[in-house]
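Note that subunit A is present in both complexes that follow, paired respectively with subunit B and with subunit C.
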Partner chain A sequence: MKLPILTTLTAALLSTTALADEIWVTNEKDDTISVIDIETMEVVRTIETGERPRGITFSKDFSVVYICASDSDAVQVMDPNTGEILHDLPSGEDPEQFVLHPDNRHLYIANEDDAITTVVDTETRTVVAQIDVGIEPEGMAVSPDGKIAITTSETTNMAHWIDTETQTLFANTLVDSRPRHAEFVKDGTELWVSAEIGGTISVFDVTTQTEKAKIDFDIDNIHPDRVQPVGFEFTTGDTHAFVALGPSNHVAVVNAETYEVEEYILVGRRVWHMDFNRDRSQLFTTNGVSGDVTVIDVASRKAIKSIKVGRFPWGAAFRPTD
Partner chain B sequence: MRHALIAMRAIVLREALRFVHQRERFIAALVRPLVWLLVFAAGFRAALGLSITPPYQTYITYETYIVPGLCGMILLFNGMQSSLSLVYDREMGSMRLLLTAPLSRAWLLFSKLLGSTIISILQVYAFLLVAWLFDITLPPLGYVAVLPALMLAGLMLGALGLALSSFIKQLENFAGVMNFVIFPMFFLSSALYPLWKMAESSELLHDICATNPFTHGVELIRFALYVEWNGMAFLWTALATVAFMALAVWGYDPARGMMTRKG
Partner chain C sequence: MKTSRLACALASVLTVGIATSAMAEVAVNIHYLKQVLETPPTLSNLDPIPEDLGMVGAELGLQDNSTTGRFLGQTYALTVTEVYEGEDFAEAVRAALAETDLLVLDAGTDQILQAADLPEAAGALLFNSGSGDAALRGTGCRARLLHTLPSDAMRADALMQFFVTRRWDEIALIAGDRPDDQAWADTLEASARKFGLSFGARKTWVFDADMRRNASQEVPLFTQDLGDYDVLLVADAADDFARYISYNTWRPRPVAGSEGLRPVAWHRVVEQWGAAQLQSRFEKLAERPMLDRDYAAWAAMRAIGEAVTRTGAADAETLRSFMLSPDFELAGFKGAPLTFRSWNGQLRQPIPLVQERALVAQAPLEGFLHQRTELDTLGLDQPESGCTAFDN
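What follows is the complex of A and B.
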């Protein structure tokens, strides 16, 4: 009698384990990836990577995961099921962030030390183009229609607009000091760029490449120098943005219509990047200095748990497991 | 038994009536922790440092941290205040009337204690409501789970007040004891700073705080507010309640306690 019950229980447990979605977090100092089970909110797997993993993104069908191993000067391609590195892509020197083109084939990689953006064909594993951009490129974005790619350069303080057909620059726009991250929103009509030292987010009209709004942040009892916007993500329908504010240890909730900050949420120390779960009801932020990931309930805008991961967690990416 | 319950009801009602008639006392009891919460805590927001300790699951603001301590503060001040009323009763002679009732003295004292604890708990809930209005929220179940913890901590602090009041002859003396008991008890506890923070400045301070029964009362409340059980805090609080109650009963015993000393 007990055996069938046990078998059923084990099967139920196994199926839950198999179905639970995951958040993958790169740990810059540990050279690992921590895999968080979204259901139990615990680290269930730790995978070795190349040196100093930072940017992380899955292919559109989630069959492979791309990892910027900055100090190994490579973009690594990993099988997410086995954790095995399948091969490296020629990425140029010191790749920090990248973005996968909607064609699911071309990676646009920022090479921080070389002041170039490298375009790599992930199928032929060859460099398709190298585009000169400003000094210390970092933030990368591609428009939803795939026609425009953006690189932000930390020292030149610019967003560089790349025509993906010709792989050439067609515009450069000034932003505030040390731009870190860029995202297209509202069906590609707007581009948001965060400036870490400037402490702002610039919103651009994509058609005219002109700035249409600037978002400032101000947290009570925290010195403005510590309010440094880095990564950000948008809720369903692009109504609100959650913005990581670095060493201020807070995430801001910005209304994407009015460009006003509605709330600040306390998270771990030096919050960098983030990603949502499947239905975007929970947000997972990587906190570099405290070495953990804070889970935010999007509806109530409250931090509900912080999960210990490796040292200096940097990037985060969602992975469905069904 | 029926008589005992009637007496208890009468004593609890008397406490309630006294409370209802002193609206300013209610407001004062509410303002004190609110000043700490909204003025003191706001200023200290960045000073506390960050660390996740149980029962917290993530980083919290200082305002959130001191809420259980302030619940304890309400119980502490109220426990002492209601004992103060006993000293007053004694001076006015109404206590003589009460203590001549044909019931055990321990029962009468416990009834008095229960009455004042219920009143204190109502004030704690009023405080939690105001805190909630200022967006300092807790898990919904925590508001229910904290009730038994508040009851036990309230009984402990009330019993301490009773025990103290039995050794005090006049109202004037009580104020001094309040200063020597309330403030050290409150400040040398985990109400305002976590124990690990105390250990950073002095191990001795940490040890004093860790033995203070008020610390355990506050920790019991803190864990209960997050629907978690703290066995150690429960044990300490329960033991202290029994000890203080025994001391109070002994103190009010006409053969040995304050009655003999009073001459």
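What follows is the complex of A and C.
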């Protein structure tokens, strides 16, 4: 019911200004969001947020954007058109990362300081459940059918499997040290989990929750200790993964069939998270230490531009503007 | 002597329904023993040494291990014993060994050696979280003794790498007259020479005046004849006089060592690499910032926890061989996996170089290379360690 109204609203805006698609980047140490215009590849807006913004995700219809304001202990709900904070959601303490359930209603939030995953109903703005997980929960994912949610815990070194029906854990699987990010791929048949200190990605078979492959990274002339996989995203059809490798300042291109690394692309310093443009022909990576975003041309696998943003850019999210 | 037993509340209260297959119940008992020393009087009372130094680190390690353990059917218990001056440390260790073979020792070199040499310790696994003495990592090493506190040599090397990088080539030094001041000064001097720095004047601080009142008069005179130098090292193990040196030197030069720029195992200014989370967990528990020996005790507990998680075993022999194997790595919030040196049991770790309000740098610094890992540019490397107990 909401959609038509919104469409008209956006259409009205479009008629006044020709808007290009955008990448929204949270700046952890500036308490801002930098909005990058994908066409001009420039920061066109800087929006203030709560303290220490990290995770960022749009609602499925892009009518609102959710921001983890970690040090404000809140998930903020913002109108992306005006940049106005509409309200805060109860999020539990120190929300770092979250994932929006396919029902477009429930947010699964990692509370990093509390070893808890909080489930929030974004409509009633209430906490539906709090689930005890391992220490420093961070990576969050939800299966395409919405039945399974995943929390990874950085110090416990596990992926915790949550049954979204009962909001309880049904499995806990060990991964390598400091798991950071999780994604369901290939129609939810596989779960990928990156381990920052372990330097690996574990691939799980979702039906059995067993590990079916482990991906290693090896960059010439860079010590393995510095090769630390964090965020990753998949190209169209889940054929390839682009994996941020932290302080090695590289992004790896992994063949998702063979689990082999095909390429390493040099980007900014301490590359962290990323998102694609609309047709996934370009990838935007946040580089925490150098305070910029690298634009990668997906087809040629080359870094084509770097865009200065705020201090310690962390999350990235695509926003279509039509 | 005071002994208290901590079973982690977290573990007993929470029940989690888990369908992880083939979980064996494993109970891990760890005993932390601290030698409580009377500290010498210092000129300033601004920074008293916390009475629970080290202990809270072990406690936090217990909590971290227990949270992980509850998903795997593994439980952890920690017993804490404080041994006061005049009491028999070895006796306390013997009593502890009757209960468990996993010990964390926050004590001096002599006490640690006594403990390691007890016949009862033959099959045990001991962690040194209290002594930075090179002897314990060199010819005095013991096969069953691992070290989570960085050696003083590692910390000295970290500082010298920074001087080399900044081209502060000329070094002068002031040391207190207590044996541990002189030992720290010797370590700094040896490290400076190892890195090819020019080591100039070295003076011993013997004044007994109250420097809070006349530091500005005394220190310029005392430092006037040091000649020219780029940086002044101060070796003051008890934190007695070092704080009065900065800004009072005859020449306007930076101060490092026990004051100014300090090489540490841990400090509240370490925030990168997820460290902010460890800091806030610790501060919630201790109501004070985490210090070196807290970190070392935490790291010992976590090393045990990590080895138990990965092996499913709780016996000292299995845990020791896993920790010394290439499969072991500990996420220690310092930006690199922490591993044990297989030739002397020292936990490899980056060394933060800090001033009171910020992290200045973290060693190993860029450009200091090593064929194995850059972390081995800090402290005793295999060829020079002289430790033979690990050849097995």
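Quick notes on this one:
In the analysis below, the second predicted complex is superposed on the first by the 305 of 322 C-alpha atoms of A that agree within 3 Å, B and C clash if a C-alpha of one lies under 4 Å from a C-alpha of the other, contacts with A are read in each partner's own complex, and residues count from 1 in each chain.
Keep in mind that, in the parts below, a residue touches a chain if its C-beta (ideal position, glycine included) is under 8 Å from a C-beta of that chain, and two chains touch if they have at least 3 such contacts.
Since the structure is predicted, the reported quantities are computational estimates derived from the model, not experimental observations.
Once chain A of one complex is fitted onto chain A of the other, the partner contacts of A:N255 are absent, as it touches neither subunit B nor subunit C.
In the superposition on chain A, the chain among subunit B and subunit C reaching more residues of subunit A is C. In the superposed model, A:G268 makes contact with subunit B only, not with subunit C. Once the two complexes are laid over each other on the shared chain, residue contacts for A:T189 go to neither subunit B nor subunit C. Once the two complexes are laid over each other on the shared chain, residue contacts for A:T294 go to subunit B alone; subunit C is not touched. Contacts of A:A115 after superposition on the shared chain: subunit C is touched, whereas subunit B is not.
Contacts of A:T155 after superposition: subunit C is touched, whereas subunit B is not reached. Touching subunit B in their complex are the following residues of subunit A: 220-222, 249, 266-269, 290, 294-295, 302-306. Subunit A makes touch with subunit C in their complex at residues 112-113, 115, 132, 134-136, 154-158, 160, 168-174, 177-178, 196-199, 223, 225-226, 247. Only residues 14, 16-20, 64, 67-68, 71-72, 274, 277, 280-281, 306, 309-310, 329-331, 335-337, 373-375 of subunit C touch subunit A when the two sit together in their complex. The part of subunit B that touches subunit A in the complex is made up of residues 42-43, 45-46, 50, 52, 57-61, 137.
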